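Okay, got some structures for you below.
What follows is a pair of complexes built around chain A, which joins chain B in one and chain C in the other.
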Partner chain A sequence: MRKLLLYIGVVLLCLTTGCEYKDIDRRIFVVAIGIDSGEAEDFKVSLKLAIPQGEVTKIDEKMQIITEESNSISEALRLMKSRVEKELDYVHCKSLIIGEGLAGRDIRHVLDWAVRRRDIQLILNFAVGRPEALDVLKVKPPSERIPSNSLIMAMSGQGTESPFIASVYSYQLMRDVYEQGKDPILPVIEAEGETQFRIDKIALLDKQKVQLVLNPEESRLFNLLTRPDLRTNFPARVDDSEFQYYTESSKSAYKIISSEPGAPVVRYKIKINGIVEENSTQELITHNLLEQISDAGEEALEQSVEALLEKIKKKRLDPFGWGLRYGTRHWNNETEAEEWAALFPVLKLEVAADVRIKYSGLIK
Partner chain B sequence: MNQSRYVYWMFLMNSLLNILNFVPRELLDARFRGAQTSILVAAVLGTAFLSVFTILIAKFPGKSIQDILETALPKGLIIPLIIMFASLWCVAGLITILSFVDITMRFVSPDTGPGIVIISFLVLVCFCARMDSLSVLYGMEMLLAIILPLILYAIIKALVNPDFSWDSVLQIMTYSAHAPDLKSIAAATFSFSGYFNLAIFNRVLPKMKMKHSWVYAVNGLAVLLLTFYVPIGYFGTIGVEKHVYTWFSTADSIRIDTFLIERMLFIFYFAYLTLSLVSVTVHWHVGKELLTGLFPRKQAKNRSTGWQELAILGMFSGITLILMRLDQYQLNEFGVVFLYARWFGELLMIMLLCYCYAVAYRRRNP
Partner chain C sequence: MMAEQQKAEEISLQWIKGQLDNFADLEDRQLTAPAGSVKLLYVKSITDPQIINRSIIAPFYEMNDPAAYKEYLAHYPGSEAVKDSKQVLDLMLGGYACVEVEQRFIFFDALKAETSSVSQTMTESITQGPSDALTENLAVNLNLIRRRYQSAELKMESMLIGNISRTKAAILYDDSRVNHQVLDELRERLSTLRVDILQAAGELEKYINSDKVRIFPKTIVTERPDRVVFNLAEGKIAVMLDTTGFAIVLPVIFNDFFVAMDDKIQLPFVGRFLKLLRILGVAMTLWLPALYVAFTSYNPEIVRVQIALLIAGSRATVPYPSFVEVLIMLVMMEFLTEASLRLPRAIGPTATTVGGLILGQAATAAGLVGNIMIILVSVVAISNFMIPLNMMSFSIRVLKYLFVIAAAAVGLVGVVVCLVGFTMYLCSQRSFGQPYFKMFALDRLGSSGTQKGGRS
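On to the complex of A and B.
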């Protein structure tokens, strides 16, 4: 009896090993999805497909891009199934690019689809593609050996540590789209020809579409405010000489002060430890000059950050989550959102930078 | 060795398992109302239930709940009571298994048919549940030792993520000043109800004692708070209600930079697969033991008890297969009804134990 049962069990176990599972050579992997608004229909969906290859040493990049238009994303994907001979597999998909035209109208439909679909990861990198998502997918840098790898490395921050790139996963986008008192952001990827892309801008969205695109300079400051230890350089001008200092460590925090009479204040504190990296004149850097550079850097930083904050505030966007922070400090949950909406236009913005440049580099 | 540690393992197993499906959903649905105060109340109530039950049942060393009831209640009352309790355990197990089949289908292998997944789970669980009580306990201890580090790793990794939105968590904390509600308390006390399995396991743990009840309180509270706050940090105060399996989505959102596997989901899935199968095994073992106890007892293990066991486990599996038809929302409602039923079942059993202890005490000191 026992043996019989054991036998049945073993047979059943054998069944589970290969159940409807397709071998890797019958699959084709989608590594990036691009979604634009279509010409005839609502969506133009493009897939970048990586073709699995056997020998590692002989790998040369093989990929294929297919495009289909339809009124729904899933329909477009189904239509594409009949254009490739293998089964499309989305589990290795790491990035989703939304075309600029579509991002200017509504991203929520695409977001809902990407989060709802069970075989797409929640750590999918979202970005806005310029001029179209398809153009970004087509980019194939010469340094790339695995299809779309350069895009993945750049966007997730695993490769380059560019201070201009903000990486946004789909769970973060989802959180910020629905959160009260915080607005989502997306990085912007520009295709420059067939072999290069540039990711140095950040798009600020209201709950639905792109409202403002920051230029590279502003994007870097934005990252400085939202991320610890940003590796970058900032300028400082003393008299006639232009210095650049590298940030070894950076920290920024803000407080909303609304208890005092008068308009509430958002007070940012930025702390940077730096090294002098570049000196435009041949001047010897003394201790005194080092302090002057620090002061000059502080002032320049304060001004530029304040200008950025004013610009964002004028658009009535809240990518830093000030509204949410206001909510965390107040217990009147029913009325705090309205209070904040009334306070927002009269907010005062203050920035206090503390730049400490400690070294002049290897030479004085 | 100290037998009291098994009480702790049983507690820990249930407490970690609550993340799986209904408990976080019920608590998160009430996040703008009394979820947080309910968690506090549940920590107190749960610890109280646990301590009272364990202390009482330790007064009857080496006896199962049925032996205890037989000392004080008429036979006609015992049978329906035992059947009722056994069905509670049966449902406890099948809800876990149904949720996990659903999770497997959604997150890991959408291509596999649900039939094959559930049948392979059922075969495994039925075989394991037929082992004797001590072996089940040893197995549980061993597997917990394997998966605990993985779960701890997942939780620590979840908390140190720089993209964790602490502001959302703080915002939810400002909603804590609400009266607790019954549904959330019923959900949250599930985290503490692992001790309930002692009803059978007391038979093989004659030297078990209740010690350090504060450990249970602190641990249970910590697990509940993590259950509640971590998904909010990942999905925000409002977005969190959009996710069905909140904790698996959370695990899916964690990226591991420096490891063979990039997605935390798979580590988390492996840990919870093991944990839920162990938990179903324990629950169905208890259910099976309760029901076999109803048959007249013969000498040691012979053929007929083997068939009885198989018939009972087959019945449990049959009910599970029938309930496979429930959709997502029906399963959730069913789960909520179970959360209540289990709570009142616990209360009833504690009262019965009190009564039996009183009867025994009076007999000893007339």
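On to the complex of A and C.
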């Protein structure tokens, strides 16, 4: 009898579940969070919720956006809980958009919240939304099959390999904000109507707020300096003909030279292997011409990169982490930061580009 | 009466016929040729008609000389002179034909040859390689093994097991390679065995293992003679029983259950790949249902957002929690497998149709289970049968429920804890004193003289 009771007990026990048990269909996934500065309160938090589809064959993307204003983000989320029937689940949240207005004031509060919350992953993509985060969330491209998927794909680099997009994860942003000698950056997403967005600008921040927004051309150069093997094209002008070359491989490195007499120098070296992609004239491309194109490309690149570096330096920003590099090479914990602060204004910037265009891209 | 029977001369055909009264299959013939005639008497059902024809009837007409014919029969290997009447009956029932020629009785051996033929393997089929299976006849089985293992080191001990069934058992081993400790242990266990009826190899397997609660089989039960030979060469012991078409091989390690006999035949890369596939199959059938429960109910962050939404969508209409859904579908699948095993061959396809089409399609259409669940259950069902040996595949089949329950209780942590637990359990197991979970790779590193069956 006791044995029988024990068996029944075990069987019944097997039918119970643990405490964290919540079926996937009782959860609603938040795929993107948008945070703006509110009108009445401090924050206006918007959540983009993905509504799952039963029929896979009948694709009709369904999403829901809910917005709540509050003085704290957590409070806003708690308030939103009572507006949906399922449990809000943030584990699949891949992007956090900060409205331009808020990003111009302070991002640290939002960042702190995102890193601190344990169910939001640290590989969350941060971005600045223009004109407002809510507008970016509302964008619904027709090519999208899963809510906010296009945003995830574009920002993480899994989909498009656009040379204008810089992706920033929350752990990187956190590091950059609290690291001495490196300033954070954020990509800027612009909503263009209801169905399109454009990500081709990079916002440079000091430790707290947006200071400078690079235009697309500068954003590409910025990516060239920070990423290896950027897939893009650059112009080269020989006499009257305009050429565009595709970068098959690119590499950039820099050195900070402060021991030599004279002003300290940041010397950039950029190495590009390219293929001619576009030719405005019908001219036959010879080996000789290839070399001319390479030289012209080098010169154009050097000028534009130098201009970009000057522009960034003038704002006293350090998104490349020069200060950090200086600190690692001049190991003196007490004084290195001050030394660098003194050096920064007198820094000279030099760029040496090495462009090799190897193929005409055509056999004639 | 007794004195009469002692004398061979007094045995008459009439007397024999009288003894074999009411034998419907008794044949009594008189052969007559110009030179004379002989009488022929035999029991039809145990004699070979070909021998009768070729060796008894045809020579008589060809020779046409009763005296020479008598000589021929008397000197033919296998023909017997008769000593007493008791022997006459034994010979007649043992398949001898009685020929009366020139007043003399000659008993000619015409026993029907052993006809229990060797059939194809049923449970362990492979694509290439021998397909003969062990039979129910111990002598034939020994023939199958001896032919493949022509070594004087192959020893055989025989004994009788079972008070009523008196089943003949044979212990085979290679004397130079066997672990004598294991052999002694086996001998002891067999000799202390007290059972009435022993009919199957699996039964014996159950009796000779010491521990009561076992999840994994500790001996291989196989029907392939080549597997027996392969294992004998590795120093293992085979126990064969009369009246059952299976042999027991021991001691075994866990890895032995995932060796198919094809592996030796295939190219090395292909063989490795197939083995990898098999291990992957085990992993799938063991963990997929548990992982489904863990991912849908505890940790949806592990799968991609696309899949998470897909699962959520397919589960939108399912009224039960995920693990009930899994259990319902798994049990349904087990019903199908079990039913199609027992069904007569003619109605077999019905089970497939009813199960595959109606259950699968209708269950999703009705919203009882999700689409993903159907895929999952089919993968689990199929990959379960990738394990070459039946005993292990059944063990794994049962084990997956433990994982599901663990997943339902604490999610992914439960699955991991269960896995660690089973690894520890496997490590603690012994098969006849030998470590059960011994790693094959380490084994090969350690021993200098590799005695793999295929290479030595």
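Here is the rule we use: the second predicted complex is superposed on the first by the 342 of 364 C-alpha atoms of A that agree within 3 Å, B and C clash if a C-alpha of one lies under 4 Å from a C-alpha of the other, contacts with A are read in each partner's own complex, and residues count from 1 in each chain.
In this section, a contact is a pair of C-beta atoms (placed from the backbone, for glycine too) under 8 Å apart; a residue touches a chain by one contact, two chains touch by 3 or more.
Since the structure is predicted, the reported quantities are computational estimates derived from the model, not experimental observations.
Visitor: One more residue to check, A:Gln121. First (chain B), second (chain C), both or neither?
Guide: It touches chain B and chain C both.
Visitor: For A:Trp331, select first, second, both or neither according to whether it touches chain B, chain C, the two together, or no partner.
Guide: A:Trp331: touches chain B, not chain C.
Visitor: With the two complexes superposed on chain A, say which partner A:Ala342 touches: chain B (first), chain C (second), both, or neither.
Guide: Neither chain B nor chain C is touched by A:Ala342.
Visitor: Kindly classify A:Val177 by the partners it touches after superposition: chain B alone (first), chain C alone (second), both, or neither?
Guide: First partner only, chain B.
Visitor: Using the touch criterion from the header, give the chain among chain B and chain C with more contacted residues in chain A.
Guide: Residues of chain A touched, chain B against chain C: more for B.
Visitor: Touch test for A:Arg27: chain B only (first), chain C only (second), both, or neither?
Guide: second
Visitor: Have a look at where A:Val11 lands relative to chain B and chain C in the superposition and call it first, second, both or neither.
Guide: neither
Visitor: Would you sort A:Ala50 into first (chain B), second (chain C), both or neither based on which partner it touches?
Guide: second
Visitor: For A:Asn149, is the partner it touches chain B (first), chain C (second), both, or none of the two (neither)?
Guide: Once the two structures are laid over each other on A, A:Asn149 reaches chain C alone.
Visitor: Where on chain A do the contacts from chain B and from chain C line up?
Guide: 15-16, 20-22, 119, 121
Visitor: Mind listing the chain A positions that touch chain C in their complex?
Guide: Listed in rising order, the residues are 14-18, 20-25, 27, 29, 31, 50, 52-56, 89, 91-92, 94, 119, 121, 146, 149, 152.
Visitor: In the complex, go through chain A and note every residue touching chain B.
Guide: Within the complex, chain A contacts chain B at residues 1, 5, 9, 12-13, 15-16, 19-22, 115, 118-119, 121-123, 156, 158, 169, 171-172, 174-182, 227-228, 321, 324-325, 327-328, 330-331, 333.
Visitor: Okay, in this complex, where on chain C does chain A touch?
Guide: Counting only chain C, the residues touching chain A are 295-298, 300-301, 305-306, 308-318, 321-324, 371, 405, 408-411, 414.
Visitor: Hey, which residues of chain B end up touching chain A in the complex?
Guide: So the residues of chain B touching chain A come out as 32, 106-107, 109-113, 116, 119-120, 123, 127, 162-163, 165, 167-168, 170-171, 173-175, 177, 234-239, 242, 249, 252-255, 257, 262-263, 265, 306.
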